[in-house]
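Below is one structure, written out as structure tokens, with a few remarks after it.
By letter and in written order, the chains are A, B, C, D, E and F; residue numbering begins at 1 in each of them.
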Amino acid sequence: MIGSRILVEMKGDNHLLEGELESVDDYLNLHMLDTVEVADGERLRALGSVVLRGNNIILIMPVE
Amino acid sequence: MIGSRILVEMKGDNHLLEGELESVDDYLNLHMLDTVEVADGERLRALGSVVLRGNNIILIMPVE
Amino acid sequence: MIGSRILVEMKGDNHLLEGELESVDDYLNLHMLDTVEVADGERLRALGSVVLRGNNIILIMPVE
Amino acid sequence: MIGSRILVEMKGDNHLLEGELESVDDYLNLHMLDTVEVADGERLRALGSVVLRGNNIILIMPVE
Amino acid sequence: MIGSRILVEMKGDNHLLEGELESVDDYLNLHMLDTVEVADGERLRALGSVVLRGNNIILIMPVE
Amino acid sequence: MIGSRILVEMKGDNHLLEGELESVDDYLNLHMLDTVEVADGERLRALGSVVLRGNNIILIMPVE
């Protein structure tokens, strides 16, 4: 999935994040580029480059 | 259980997910196909291919 | 405790589950048979065979 | 602390549990005997022998 | 930081705890002495000797 | 990212923390200097030197 866009549901306040998957490590920590916060199908806020902590990820889906 | 349909309760907003179990790794991370979000016995939303993070799984049940 | 009935409190929506302990692994993941969801001392719902994720277990008690 | 009474705060619904510490493993999973649920300094309910999952423990205090 | 006073934010009901750091292990479990529960800058309750579970710590700050 | 300012979203009460990243260990525990609590784009409170527990981090972003 490296290089493709994914949607990630996290625990915490920014539940849904969509971005381009740049890299993944052994703990499923994700580095995403061009990340946007998403709610109800709308793009709320651009976050840019983010690191998501693997153990607080709920689910990961490819974005078509 | 690989290849059969399972119901998974997760922490977070999409509590119940039903899908076909494609693979499992050592951390109980699940790759499911043809996944649907379920609530009160109804299918809410089709999610397709998803990866569920093992440490945020509450329970797993086979679907008959 | 293998083969005996136990009561398990989980994080998440199905807080109390009672079942027959079929097996346990190193991560305290539990496989239970004939599992029922319990609330206020009453049996709410039969779940059958379930796998409970070890790190989301709060406590385990034997059922007399 | 083995053999002495301790008070344990857990995540989840039964926040405070007091009991005699029977054993501890490497993951800080605790086996307690004669366990009682405590709230506002009062003993609510006797639970007997319980296993508490280490990663869902918030804090442990000796009971004088 | 061993021997100095620290402020620790935990998940769960006793969010802020201040005490003297007695020891730390590899999992960041903390043993603190002379611990007090703190809220809104006030000392609520003396807890004495406590063990804090590392994975439920949010943050640690030195107290000047 | 060592030496640069980052924004960290945590689980718990102090959701957003901005500071200079001093060091990171294998568990993604972060030591930050000159840390401030942030809400709605405003700086709420200066916390100084803090250690953030890696498994309770939701996401990390560089601050431009």
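Rule of thumb we're sticking to: contacts are C-beta pairs under 8 Å (C-beta built on N, C-alpha and C of every residue); 3 or more make two chains touch, one makes a residue touch a chain.
The shown structure was predicted, so the numbers you read here are calculated from the model rather than taken from an experiment.
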Path length in the contact graph (chain D to chain F, fewest steps): 2
Both-way neighbours, i.e. chains that touch chain E and touch chain A: F
Common touching chains of chain C and chain A: B
Rotation in the CA alignment of chain C with chain E, degrees, nearest 5: 120
Farthest-lying chain, centroid of Cα atoms versus that of chain B: E
Distance from chain C to chain B - Cα centre to Cα centre, in angstrom: 19
Whole-Å gap separating chain A and chain D, where each centre is the average of the chain's CA atoms: 38
Shared-contact residues (touching 2 or more other chains) in chain A: 10-11, 55-56
Contact graph of the chains (line, ring, star, complete, other): ring
Round-the-ring chain order [start: chain B; next: chain C]: B, C, D, E, F, A
Touch list for chain D against partner chain C, complex: 10-14, 17, 27, 29, 47-53, 55-56
Chain F - residues contacting chain A, complex: 9-11, 15, 28, 54-62
